[in-house]
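Handing you this structure, nothing more for now.
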Amino acid sequence: GCGDDGQRDGDVGSDGDGDGDRGDGDGRDGVLPDDLTRDSLELPAVSEPEIARHYTRLSQMNYGVTSGPFPLGSCTMKYNPPVTEDLAALPTAAVHPDRPERYVQGTLEIMHGLQDYLGRIGGMDAVSLQPPAGAAGEFAGILVAKAYHEANGNDRSEVVIPDSAHGTNFASAALAGYDVVELPSDDGRVDVDALEAAVGDDTAALMLTNPNTLGLFERDIEAIADLVHDAGGLLYYDGANLNALLGRARPGDMGFDVMHYNVHKTFATPHGGGGPGAGPIGVAERLEPYLPAPRVRERGGKFELFDPADSVGKVHGFQGNWPVLLKAYAYIARLGDDGLADASAKAVLNANYLASQLSYDVPFGPFHHEFVASAGDQDAADVAKRMLDYGVHPPTTKWPEIVPEALMTEPTEIESKHTLDQLAAAFDAVAGEDDDALASAPTRTAAARIDQVSAARDPRLSWRELSE
Amino acid sequence: MSEGSPYAPHTPETTAEMLEAVGVETEADLFDIPEPVRFDDEFGIEARSERETRRHVEHILERNDDVIEFLGRGHYDHYVPSVVDDLAGRSEFLTSYTQYQPEVAQGFLQALFEFQSMLVELTGLDVANCSTYDAATALGEAATLSQRVRSVSGERVLVPDLLREGKREVLENYAAGPGITVDTYPMDDGNADVDGLAEALDDDVAMVYVENPTVRGTIEENLSTIGNLADDHGALFCLGSDPVALALLEEPGAVGADVVVGDASTLGTGTAYGMGLGLFVTHEDYLRQVPGRLVGASDDDSGRRAYTLTLQTREQHIRRERATSNICTNQAWVALRTAIHAAWLGPDGLVDLAETCVTRARDLAARLDEIEGVKAPVHDRHHFREFVARTDQPAAAVRADLAKEGYAVHAVGEHLIQVCATETTEHVTDGFVAAFEEVAR
Amino acid sequence: MSEGSPYAPHTPETTAEMLEAVGVETEADLFDIPEPVRFDDEFGIEARSERETRRHVEHILERNDDVIEFLGRGHYDHYVPSVVDDLAGRSEFLTSYTQYQPEVAQGFLQALFEFQSMLVELTGLDVANCSTYDAATALGEAATLSQRVRSVSGERVLVPDLLREGKREVLENYAAGPGITVDTYPMDDGNADVDGLAEALDDDVAMVYVENPTVRGTIEENLSTIGNLADDHGALFCLGSDPVALALLEEPGAVGADVVVGDASTLGTGTAYGMGLGLFVTHEDYLRQVPGRLVGASDDDSGRRAYTLTLQTREQHIRRERATSNICTNQAWVALRTAIHAAWLGPDGLVDLAETCVTRARDLAARLDEIEGVKAPVHDRHHFREFVARTDQPAAAVRADLAKEGYAVHAVGEHLIQVCATETTEHVTDGFVAAFEEVAR
Amino acid sequence: GCGDDGQRDGDVGSDGDGDGDRGDGDGRDGVLPDDLTRDSLELPAVSEPEIARHYTRLSQMNYGVTSGPFPLGSCTMKYNPPVTEDLAALPTAAVHPDRPERYVQGTLEIMHGLQDYLGRIGGMDAVSLQPPAGAAGEFAGILVAKAYHEANGNDRSEVVIPDSAHGTNFASAALAGYDVVELPSDDGRVDVDALEAAVGDDTAALMLTNPNTLGLFERDIEAIADLVHDAGGLLYYDGANLNALLGRARPGDMGFDVMHYNVHKTFATPHGGGGPGAGPIGVAERLEPYLPAPRVRERGGKFELFDPADSVGKVHGFQGNWPVLLKAYAYIARLGDDGLADASAKAVLNANYLASQLSYDVPFGPFHHEFVASAGDQDAADVAKRMLDYGVHPPTTKWPEIVPEALMTEPTEIESKHTLDQLAAAFDAVAGEDDDALASAPTRTAAARIDQVSAARDPRLSWRELSE
């Protein structure tokens, strides 16, 4: 592990000389008065070869999309093309956000192009790229809705969210200061009657994922939109499942007023073990004045930043996660209309094909990009652990709770029939196993089943709390 | 260009087999979308081969003029060793998801545990999360935390009146929902005006935020006093910094800081048009109020050390609207890069880099000060990475003229120019000083 | 800069412990070197930090002017997809050694087995080795093989009189040891003059070497005839080509070729100032005379398919002066890159790329032919990638003037310019034609 | 494996449209007459995600320097710094060899700098960078020696080589047309009496590795040089073990007339699973006219290629393995005098320390960068297989034959004491095991022991020969 040679003490203000090499203790005086500096710094001192081995080994203990199928429902684990990484690593992309505009015309042109691409893809009139993740997009979108209502002298206090929605919807609405009204499902979809009962003068917005987390398209979307709009509310589209619809339907055409895009899902930027992502938001024209500032526009062949008239201000200290936005731009520019539409078509085909090959029960349907199977009498979390032993990544489990022991499965378009057949075989093998086999799984992974209960009961969150 | 996604492996034959297995004739039949909301148009986005895509994007980015940056104010350039790209770029890291299945994510979990551990050591506090988006959102999270942990009401947070505007806007957006007001305290010659701060403090203040180094690059000299002041009013003391500065400057834990926020991407990333890595470190007391992911050590069934995400009941996917934060996707991979860079430097290297930030700024200020019509630094303080210079010429003109000479600086007042100098500007300093002399006199 | 190697992990403490364990006082004591031959001076080479090293080398390489190349003649530029760098750059591949311990080298062995298999399919022959250094040394190895496998004496090898000079020099160095003479046969309008070749052939010829495409980019039309001619004299028929050309042109096995040599780095590497990847493919009959490494399929103790270097008794480390070749380190990693690139293209992509090489050369020649004072192509043949144009202006002047306009071409005769066009020149062709028109009229 | 979806037939001249994407069969006509083209091309057709997974998996089945200790004797398996890879990947480094000189001044300056560096390090007067590997360097060096003798009207037929030398020495001398005279060792070093008997009018050169493959410095080097020179022969230095001497001794100062450098050993360019390497050669002044052409020189601030007066011509079609040379230049520029000397010091310290920690017998000594232990009653090849089970790479085995059941061990400078202790523990664990344990090893690797005999008896060297 790290620190083979033990901790080393960085002697602050006395003989520090680390420049990535072994220190040589040249006895230099400190550069600041002692009372402004710390006394010491204890961190591991290891050589570059040791670092290389350490992280190479760690990487080999990690499962990524290049390790095998990764059908994690609602996560859209696509292949992340290395060409987009190469482009994001270009020296010309490494710029400071405070450069004068004329010196970052390239960056601004990419951002302008991505605003345009996303607008077209979502059927939205204006786009802000600032939110650094999907949940940040939700937060920004709800802030925009709030600003719109307030500007119209319309102080509303509630956001309506279906029970099957992503947890971030609830948290983002709450962070923006709204009360959350949870909407029950009917046969996996929005219960239109319940919605009618829920919306009213207090309704600021309905947040909807379509297709929803069960992979079901909300067929009543027109009626839903009318209900919300008639009540004076806005329709928010959660873009987590947009990969199901590319070129087939657009949130803007369905009546959505605000949406966010998860570029680290739909547009194949890498998840990076939990980020960075990007969650641009798109809005209908009447909401444009409230978008986060700044946005990019073109004037006389030059690109410039500008603040929308009644902007909610910023949700990121600078202009969002630029390298991620650049990768998304490159991905869209690579695929074009046909590639994007084909990605959706194959994603939906793959989900339906895989669902058709399972022995587990798959309620509801017809599915789009994902489906939720039920592990039945088995514990879905155990099923997942056992699938690891078959060398594949399991689906999302135990959610949405509408399906008992849910196995929420999204293969995406990148899997071949051959791989899907292997994946189905893994599902079926586990389906035929008894509880003991499941409970003792996994046995073929870098770590056996990990004790999460004691990890939470006795949190040890840094080296300081490890004693060995 | 062929049609279709270059990353879908389907052949016409396998597609046909799969459609048959599903029981439909065409892909279009799979879409359960009411006719009125179907999209039958085109986006009008041209497909490109990989080569064409590369050329297209490279060509656009070449329009970023090659100006030499002496820019800072919250986003900094430090040399990132090759080993960071090489290791963090390994696809098992880059293409993995959040570690919901820890048995096949031990690598990333251990790296994040090491990241947390490094921040704990750098701050002298107890609990670091795996990241927030950036310094501004971390500050926003600190403000909401200050509300949650406060036993009595307290609806104001105090920030420096020189706070970078973007950071303040983000903070205000985070503060608005919980009903927090953002107020300022005055600065004195770059640093916090302790008397002014004392005056602004009352028992309605939930948090006092101080940056060290400040946005103008000065090093605070009264942190313990400020910590005591905040404590006297039951307000959280939130300190803004970054890992390079923390390697050298006073340990936040030793001056009474309750929360440390800031941008950890000063290690591992270099300039990225503002992409950051929000660091968030606090007391063990506030453990269950921390936003975002936490990695904990545990054991596996065979009794070996293993790591896992823990205390997830704080998080949005479980607690939904009662979560400590809405953050889900964070900046994990940026944190991995930071951890690798920090490991590469080691403690000696970190301290050395931090000292370089002091000496380069000091030396450059001294050189600019020799120019007629220039006073540098304006603030009679110690500096870290950057400093403000007063120019007889209007700052906007100096900034514009320097840009024409190929150098970018900030204009922060009518006659105030801000300049940032790190190890990466070493070889361009002479040219910069000459250009400055040319335009400032 | 600190002293010492940045890649040695020793601390003063561990060094002291180790010296003590060994039983000496200082590192100097470890060196058993007689005083008169000790070196007590300095090299005078300055140490640099990684950042300084990067800057130093980048700075030097920036002196390579950014000229647009229409250059070929044995070294070609094709677009290399990012996935090649990403995968071949993985350190388990890059930093591994020759596969003497196959149990921990299955990855590289399988990749090399796939490389061999691809070459077998592309050539229609039986046995491909893992690489020689480049096309020139592969040709040299073919010449020495032609000696070893020939039952009767045969001391001449015949090569085209237009053979690239560097390749001929290498061949002559390989031929000299075994006492082989290199003779030429004439060319006719770019291709082999079959009558002239027949005239040059006698029973003292051990090998006839033909390139397809030729060094002037023309495509041979009489390969079967040449194969028969060689066969009639008991001479080996050695064909020079590359994997892109082989995807489209006549299969060597079908025209009687006994050995195929050439440069396989046309896939996977792009321009590298001439670094190549010598391919070497031959009949099963000559299996035990093949130079270099061979990967074979086998089984492991558990009965699973496994790969291993095989038939090593041909090699220098076992047979020493009786080895088939002195080659040890070869171009394995370049072969890995080629295998990945070929897999990425797939059969359709390979054929398409090869067709592009035909059409781009044809189209560009047609455009140059419209320029007054230019005749292109000179040879009334089909072309692959490149062609020769006749210019009324002296070729040396045309080449120099084009270079000033930012374009590089070959001058191959007093009034002959050679031009290479692949998919990578697509977006610069208009400018090139305009510049050519400017300088050639 | 590759080809999950089976072979696909690239229909030449009919509907080929592969550009890295799935084909679409657009029915285009062929671009050449049928009689000039092949009929079909059968190769696997797989998608980029499948390729990424295939090679990612293969890489994980491969042991490199970043996997752990790699003490392969005579191979100098150093850490290969990624910074040199980044530099070699710069677009400015990707140039065609036929560019006019004025447009490749950067490349020529690097080559000129490397010629200079290598000359200083080896104590040689002139350097040619052309040979693409160590054996190619030997061949080129012997050609130079031959040209020198011939130019002096001195037709010599023999090259003398100690029995402990690398096999390439013998093969390279033979390829150059020389008869090889093998020289027996005396106590691990050159037997000076035997040498005296062996050299004479026919001796073109003595090829010597110093320190030799046992890690022993040839203490009689002055006497050896005098003997060979007095006989009219030349002294050739095999640079394989140069990592033992950096800054301590130089071949040129020992009397060597020709040498090659293995930059993929001494100067840390990666071995790449068997290349590419580079084997520049250095010579004393009187041999300069015969060096391979072209070399690089500086004239008036410009760098240019030139042909030595009586050059032996070329040993590589162009200018050698340029990217490898660039990496070597960067490595030397990074380390400088002190770094290079320290690398040798630590390499020698590591070898001696490791030797001191083993229970296996280690005859001869004192060692420099490597030592040869004896497995005694155990089979050295079996010892190596068993070491794999301990997660480390074994040493070179069964060579040189001077030591029975040789374990030729070279840890290089990159290992820490901690790692060397682990390595010693692995050696000792294996030393204590019985023949059965050794014979059944390895058991913890991607493949179990591989049947090399049947692989050679029934060679299956391509897909065509696999039937499954």
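Letters A, B, C and D name the chains as they come in the text, with residue numbers starting at 1 for each one.
Quick note on the criterion: contacts are C-beta pairs under 8 Å (C-beta built on N, C-alpha and C of every residue); 3 or more make two chains touch, one makes a residue touch a chain.
Treat the numbers as computed from the prediction; the structure is a model and nothing was measured.
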| item | value |
| --- | --- |
| Shared chain contacts [chain A and chain B, defined touch] | C, D |
| CA centroid of chain B to CA centroid of chain C, Å | 47 |
| Chain A and chain C: spacing of chain centres that average the CA atoms, whole Å | 45 |
| Where chain C touches two or more other chains at once, by residue number | 1, 3-4, 6-10, 14, 50, 54, 81-83, 85-86, 89-92 |
| Set of chain D residues in contact with two or more other chains | 5, 8, 17, 19-23, 45-50, 52, 56-57, 60, 65-67, 79, 81-83, 85-86, 414, 416-418 |
| Touch-based graph of the chains, sorted into line, ring, star, complete or other | complete |
| Interface residues, chain C side, partner chain A - complex | 1-4, 6-11, 14, 49-50, 81-83, 85-86, 91-92 |
| Contact footprint of chain A on chain D as seen in their complex | 4-5, 47-50, 52-53, 56-57, 60, 65-68, 79, 81-82, 414, 416-419 |
| Contacting residues of chain C [partner chain B, same complex] | 50-51, 54-55, 79, 81-82, 86, 89-91, 423-424, 427 |
| Sites on chain A touched by chain C in the complex | 4-5, 8, 17, 19-24, 45-50, 52, 56, 81-83, 85-86 |
